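A, B, C, D and E label the chains in the order they appear, each numbered from 1.
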Amino acid sequence: AGAGAVTRGGIMTYGRYADSLFLDPVLNDANVDIWILSNLYDTLLLPTDDGKGVQPGLASAYAVAADGKSITLTLRDGIMFSDGSPITAEDVKWSLDRARDPKEGIWNFIDESIGSVDVKDPKTVVLTLKHPDPAIVAGLSVFNNGIMPKKLVEAMPGATLDDKAKAFAEHPVGSGPFAFASWSRGQTMKLVKNQHYWRPGADGKPLPYLDGVTFEVLPDDATRLLKVQSGELDGAEFVPFSRVEELKADPKLDMALFPSTKVAYGTFNVRPKLKSGADNPLANVKVRQALNVAADKDAIIAIVTHGVGTPMSSFMSSATPLHAGTGTEFPADPAKAKALMKEAGFEKGFGFPVLVLAGNVDEIGIATALQQMWADLGVTLEIQQVDNATLTARFREGDFSMRLGYWTDDIADPSEIASYFGYYPNIQAQHSGWNDPAFNTLFEASQQELDPAKRADQYARMQAIYRDGPTLPLYESPYPVVLKKSVHGFLQIPLGNNIFSGASLEK
Amino acid sequence: MVPTLVFILVVTFVLVRLLPGDPLSAIGGDHVTDAQVAQARAAYGLDQPLFAQFLLYVRRVVTGDLGRSIVVQVPVWSLVGERLPPTMLLSGMAVAIGVGLAVPLAFASALRRGRATDLAIRAGAQVGLSMPVFYIGLVLLTVFSAHLRWFPVGGYGDGWGDRVYHLFLPALTLGVSLAAVLMRSLRAAIVDVLGAEYVDFARAKGLPTRVILLRHVLRNALISTLALLGPTVGSLLGGAVITESVFAIPGVGRLMIESIYGRDYPVIQGLTLSLAVTVSLAFLVTDLIQASLDPRVAR
Amino acid sequence: MTGVADTRPGALAVRGLRTVFASPAGPLTAVDGVDLDLAPGEILGLVGESGSGKSVTLRSLLRLVRPPGRIAGEVLWGGRDLLGLRPGELRRVRGREIATVFQEPMTALNPVLTVGRQIDESLRAHTGLDARGRRARGVDLLDLVGIPAPATRLADYPHQFSGGMRQRAMIAIALAGEPRLLLADEPTTALDVTIQDQILKLILALRARLGMGVILVTHDLGVVAQSCDRVAVMYAGRIVETGPVAALFAEPRHAYTRGLIGSVPRAGGERRPLLSIDGTPPGLGARPAGCAFHPRCGFATDACRREAPPLAAVAPGREAAGREAPGREAACWHHAAVAAAGIEAPVPEPA
Amino acid sequence: MSAAPLLSLEDVVVRFPLRRTVMDRLARRPARAVHALNGVRLDLHRGETLGLVGESGCGKSTLARAVVRLLDPDDGRVRFEGQDIAGLVGAARRGFNKRVQMVFQDPYGSLNPRMTVRQVLHEALSVHRMRPRAAIPGRIAELLDLVRLPPDSADRLPHQFSGGQRQRIGIARALAVEPDLLVADELVSALDVSVQAQVVNLLLDLQGRLGLTVLFVAHDLRLVRHISHRVAVMYLGSVMEVGDTEALFSAPRHPYTRALLDAAPDLDPARRTAVAAARGELPSPLAVPSGCPFHTRCPHAFDRCRTERPVLAPRGPAGRAACHLEGFGAPA
Amino acid sequence: MPRPSPALAGGLAILAALLVLALVPGLVAPYAPAAFDYRAILKPPSFAHPFGTDNFGRDILSRTVWATRVDLQIALFGTLVPVVFGTLAGAVVGYYGGWVEALFGRVVDAVVTFPFLVLVIAIVAVLGPGLFNLYIAVSVVGWVFYARIVAAGVALQRRLDYAAAARVMGYSTPRIVLRHLLPNAVSAAIVYWMTDMALCILLGSSLGYLGLGAQPPTAEWGVLIADGKNYMNTAWWISIFPGVAIVLAGLGFSLLGDGLADLLRPKR
């Protein structure tokens, strides 16, 4: 998509696999919302297109104090909400205070380091930190720190702030490039161009180029693609990997594979005893390593992603800042696997179940392949498909042997994945029960480390330690999006955000 | 009807709470800490004893308040109100198509009993019965929407005409298996009725064949087949779950699955209740139609 | 063999009527060469045991037998062969010239249509009346068959009528086309005696008034005695004996007729054994050779086992009386012996 | 016949409540009931055949069923050898049924289509321990002989028999337990005259040989007259007249009996009439007329008949009739 | 013994063939049902793989054949408890009528109005996925339909004279119900059973679509069809052949049902 001659106007229709739940940046928690919220609510800073850094947003500039304990943000001139009312420093303070309130939603961990938000003057907001936080700048570009119109929210009916916010979320007014127009749940959501958006486009006039975006909810993969192929949609997300080749060959379509932070992995329960009281062979690191090297990642990539993915080289994706791996993590080595099993005393093998998300083709594919690959070790893997709630509940209670899952970063910083994957005090390292004091210490130190080199070193060591960790790293995969050839400038950044502000439709 | 509804309400209430996990485990995913879970449970009153929760729920239902969805945070009433009409329209059209297909086929089959037409129709019905709904749907979509472009690929449309147009293929999908079921029963009924003495009497009266078939045979044959229609509505809703996914129709079938997966207790309960009422109404309507066709059950 | 066919309007002559049903086990002959004559305005009773072919005979006249039944022979109605008519022509005969009444009014009337509607459709098919005219005629017809308050009863459904009224309604429907012949298949068997009595009297009155002929199928010899001019006795798909009612009842000429009459208890014989017929009628597929009745017959001889007797005149001299009072015919080699045995004598055991 | 009756009905009342539909409830129609038996009083003497006639729906079958305890009266009682049978339970009830048996009207419905004749009889004999196990086959052969079924019929299924033969199987089943009283409900109504005669002859024969008491229910006056010692005439759940057969048929003392006799088609073609014997139709048993139930159709009805219900009172030497016209039918 | 009807013969032949496949799948299936061949992924039908291969390179012919065993099991075990329990319950309801029948009517109402899929999903969610729990789920609901059919049949038989005769004979209630009424009332239920078995397979496939049916790598027709869903344009053979198998089995059951209906109809 050339930047030179963009065409303006038109409504882009985009097929989604599921509908949004609700449009409040603080109270919500699901990717279906997160990935589109930035179109409605702008943040002070914006993630860069490669997902690894930040760029100015509603704040035209920011300055981190030398001690790292405060940040001064300068608001851009003339910024307005989509209803035309000005965005004030009060709105910013109110929004950030709500976002960091531990009683509101589940994303406040991003703002955990903020001690207070103060309006210094109508154009300046100062964040005072409890401790230096290398991730906070990136955090300000995350959806939950989106800026909302304080007055409008508070004017909503409802007894509590939560009630008001929920009512507001049904017809939100935001600061992003698009404004909410209408929503038929389960069917379509219509966004229209925010006439007051600040950001200039390539032609010098404000973004977005499009007059609007219409999301259509099409849960069935085949149907979603048929709708693009028949020309009824301009684009669709979540193309099944099995269809990528076929769509690439279609001259009318543009099969985009956007780089992502998405990783697919397995998590083992490493507690010595299972919930049932039985001994857990997976507590033995040698067993885990044996299973790891027995799993042929390339074969899995071939089967599941039809060659679209790449093997993981660390527990985090190579698109995540401070990623430190080289080459395939645990390359396939059947002989070594057998040896390791023997060392561990499980020459004869054993059996255990794996939880996969019911109906998820990728997870079932992975599990089926693993089942076959591990059979050579005498390991019998029993596949149990469960729904998401069951999966999470059992996971959280430590009532599992192994599960499959995938992860994408929400913030351009490695701390998010590290805290959830390895740092025991947060959620017991993915509820696996893996508790490595060295990892924990390194992580805690890295959370306050402002020197990028030192922090990089800490992360390199964490990633090394994690090789004895509770996961089975599998593959990284891009976001497969199919677009009509006439669509230009649409972007899904590695953090998942769908960016429509730069998209345009060729007439 | 009321005792049935109460029974269903209690069963649903207990059942959904037996499900592992809760609304928060469904939506929070990997990001939620134990403290956050506890906090949210308290906020929704899920930490209360089950019985207390039930009393509270019943008290609210009696006043017409079905509560608010935990997952999408809208009142259950409006959610159901939005999602029920597409499913009703879909089912209605499916019934119309099913009956529309079944009647002529049943006649053709019954009148040419044992001959090639009959065998072909019955074999077709068997295929219709044996095909999974999602497969029929995808085949129809591929052929009529993607290749021939006669119909839109899924969706619900705006305005009545457009909606009927959008729902035609999904209704056909459901209608095919419905037609197969109805055809079989109607064929048997027609064969029966053709043997009835009043058909002989009608012929003895010198009536034209068309009058005999439509006025005497069809009407009587429909009566017994209609009895089948009520229960079919229930299974139609089951089939709708998958059809709605394949054709991207914002109906209650999909909402039900989503709510179960999301453990959205208020929505599941509200939906079950409204579906039960709908099905009961469907039974009532079939009873009424039956009564209008059959004076013997009236009075 | 019966003589030349009567070709006057309103006269019926049946010649060699055969009705065969195809079945997996081979053809089943339900009616096996029936000859019948009916003068205009005459009431003919058709009696016989269950399964002897009375109903099939009656239905065959109007080709109302359904597949896999096949009809052969001649049904001459005013000289025209009904079996050769095209469907459209046949429809104009059915209901208009020849009407039918069935045994079970509850099953012969369509339960989901009002009685008025069922009369109306007949009127529509057979008269040129407009809607108002048909309604008025419908009221007249119900009135004619003795249904009180006919105007209000038109809107009723059959189940709202009593058994007797249903049978009257069916007769009213049959009369809609002003037929010259009424085929009545056991019109009173399902009714109580008092109602049966009323319906029979009604049919007699209608015959007198409209001058139509009637074929009355029944089990009940009493009904025949009380309402018919002539009677034909059927056994195993054949007519075994015909004749004027009084003569035939007084002096049966076929062993089967004799057995039938003797089976009916009569005053004075209380608590004494009846003159029954032993055994059961033969199945359709396995009709005995010769006279079909011979296995149950006390008079049977080798001749009976060998050859089937033809239906032949048995009272010489009476034939000269002409068509209006055709003479007696019987299909029995031993009709003289049977006549001589009388109906009071004990049954001879079959040989 | 002054000895105590074998069985007596004392003011037996049976009602069948109609199910109320939703519409009935909405329209607040009161619950209605079929009045099947309205206080029937009748005695059955040892060794006699009592014929019970009446038009369809008058309660004949209901009475028969009350006698064998297929249903219990809502009021009044049925006494067998003086004992109220309503109180019999368990073994006593089984013992009662062993002595009071029934044969049914429908030759097709009254036999289990999946049981051979042998199974039917074997079950009856073994459940009631009528014979030691080893003697059962012999007894089955005896029974078949008794009802004149060929010996090779034992292993056949009901559908392989004709209607008359099936009724014989029903009789054999009843006789297997050697009852004192046999209730025959329309035993031959579904059969052809010729076959009727066979079964009637058999019944007459058995009654004489085994000393059975028979309650013979039928609507065919000729048959009832032929077979019965005494006859009871029912109308709308009440007994209108009861008396010795000969007296009742030659000089009926109730207008209803008269009408029934006149309506029955005579075998003699010479006795034709042009006018129907009875007018009107049977009233609905849901709304039995007040007073004499027959008054709506009775040519002799007068005011009293419409209000006061006549009781069964002696008429003539051995009969009773329920009619206000005491002199009706009396020899002049 | 009368000649078996063509329907009965045809149905039996189809099912016998399927039964043979179920018992000795190796007879026809050239490969193990779960054996991968990464070199032969998504291959169209060929001599080596007559029905082609799927995305794991598994042989569709072998999987379709091996699935016969699973699907016949589903048909049988998914309906066994409903048939037995439903029949007995129906006998009781049909015999006693009255308030028992009224109560049962309520149960039927509730079951018919209750969204079945909710129940299945709930049961599977509580007890875990897999065929056994699928059986439990369909049994919880399924018995009602048999009970309804049998109850209607028994109520009909109960009114016939032979039932009255059995009571007059002084037989005990269990004897009357089990020996006399039930054998004459079950034929409709048996015919329905045949249809139900076919429906059960189909249900298994719908649940397979939702991931609640047979678990991988078990080959099951419905799951096989669902597996092929994403390959309809590129590898039609994945779902066509199992689809044919389902139709065939359905045909077998339905023919058998028709044939049995003829056979079981009591002779008159």
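Everything below uses one rule, namely that a contact is a pair of C-beta atoms (placed from the backbone, for glycine too) under 8 Å apart; a residue touches a chain by one contact, two chains touch by 3 or more.
Only a predicted model underlies this, so the values are computations on that prediction, with no experimental measurement involved.
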| item | value |
| --- | --- |
| Relative to chain D, chain with the most remote C-alpha centre | A |
| Identity of the chain that, by mean CA position, is farthest from chain C | A |
| Chain pair showing more contacts of the two, B-C and A-E | B-C |
| Interchain centroid distance [CA atoms averaged], chain B/chain D, Å | 53 |
| Centroid distance [mean C-alpha coordinates] between chain E and chain A, Å | 44 |
| Euclidean distance of C-alpha centroids - chain B vs chain E, Å | 22 |
| In chain D, residues with contacts to at least two other chains | none |
| Shared interface positions of chain A, touching two or more other chains | 222, 387, 389-390 |
| Contacts with two or more other chains, residues of chain E listed in rising order | 121, 125, 209-210, 229, 232-233 |
| Touch list for chain E against partner chain D, complex | 160-162, 164-171, 175, 179-180, 183-184, 266-268 |
| Touching residues (chain side chain A, partner chain B) in the complex | 21-22, 27, 29-30, 103, 106-107, 166, 169-170, 184-187, 216-220, 222-224, 226-227, 229-230, 232, 387-396, 405, 407, 420, 426-427, 430 |
| Chain B residues touching chain A - in the complex, by the definition given at the top | 19-23, 25-34, 36-37, 39, 71-74, 79, 82-83, 134, 138, 141-142, 145-146, 149, 152-156, 245-251, 254-255, 260-263 |
| Chain D to chain E touching residues, read off their complex | 65, 68, 70, 93-95, 97-98, 100-102, 104-106, 108-115, 123-124, 127-128, 157, 159-160, 170, 173, 177 |
| Chain B residues within the chain C interface of the complex | 194-198, 200-208, 211, 215-216, 219-220, 223, 293-296 |
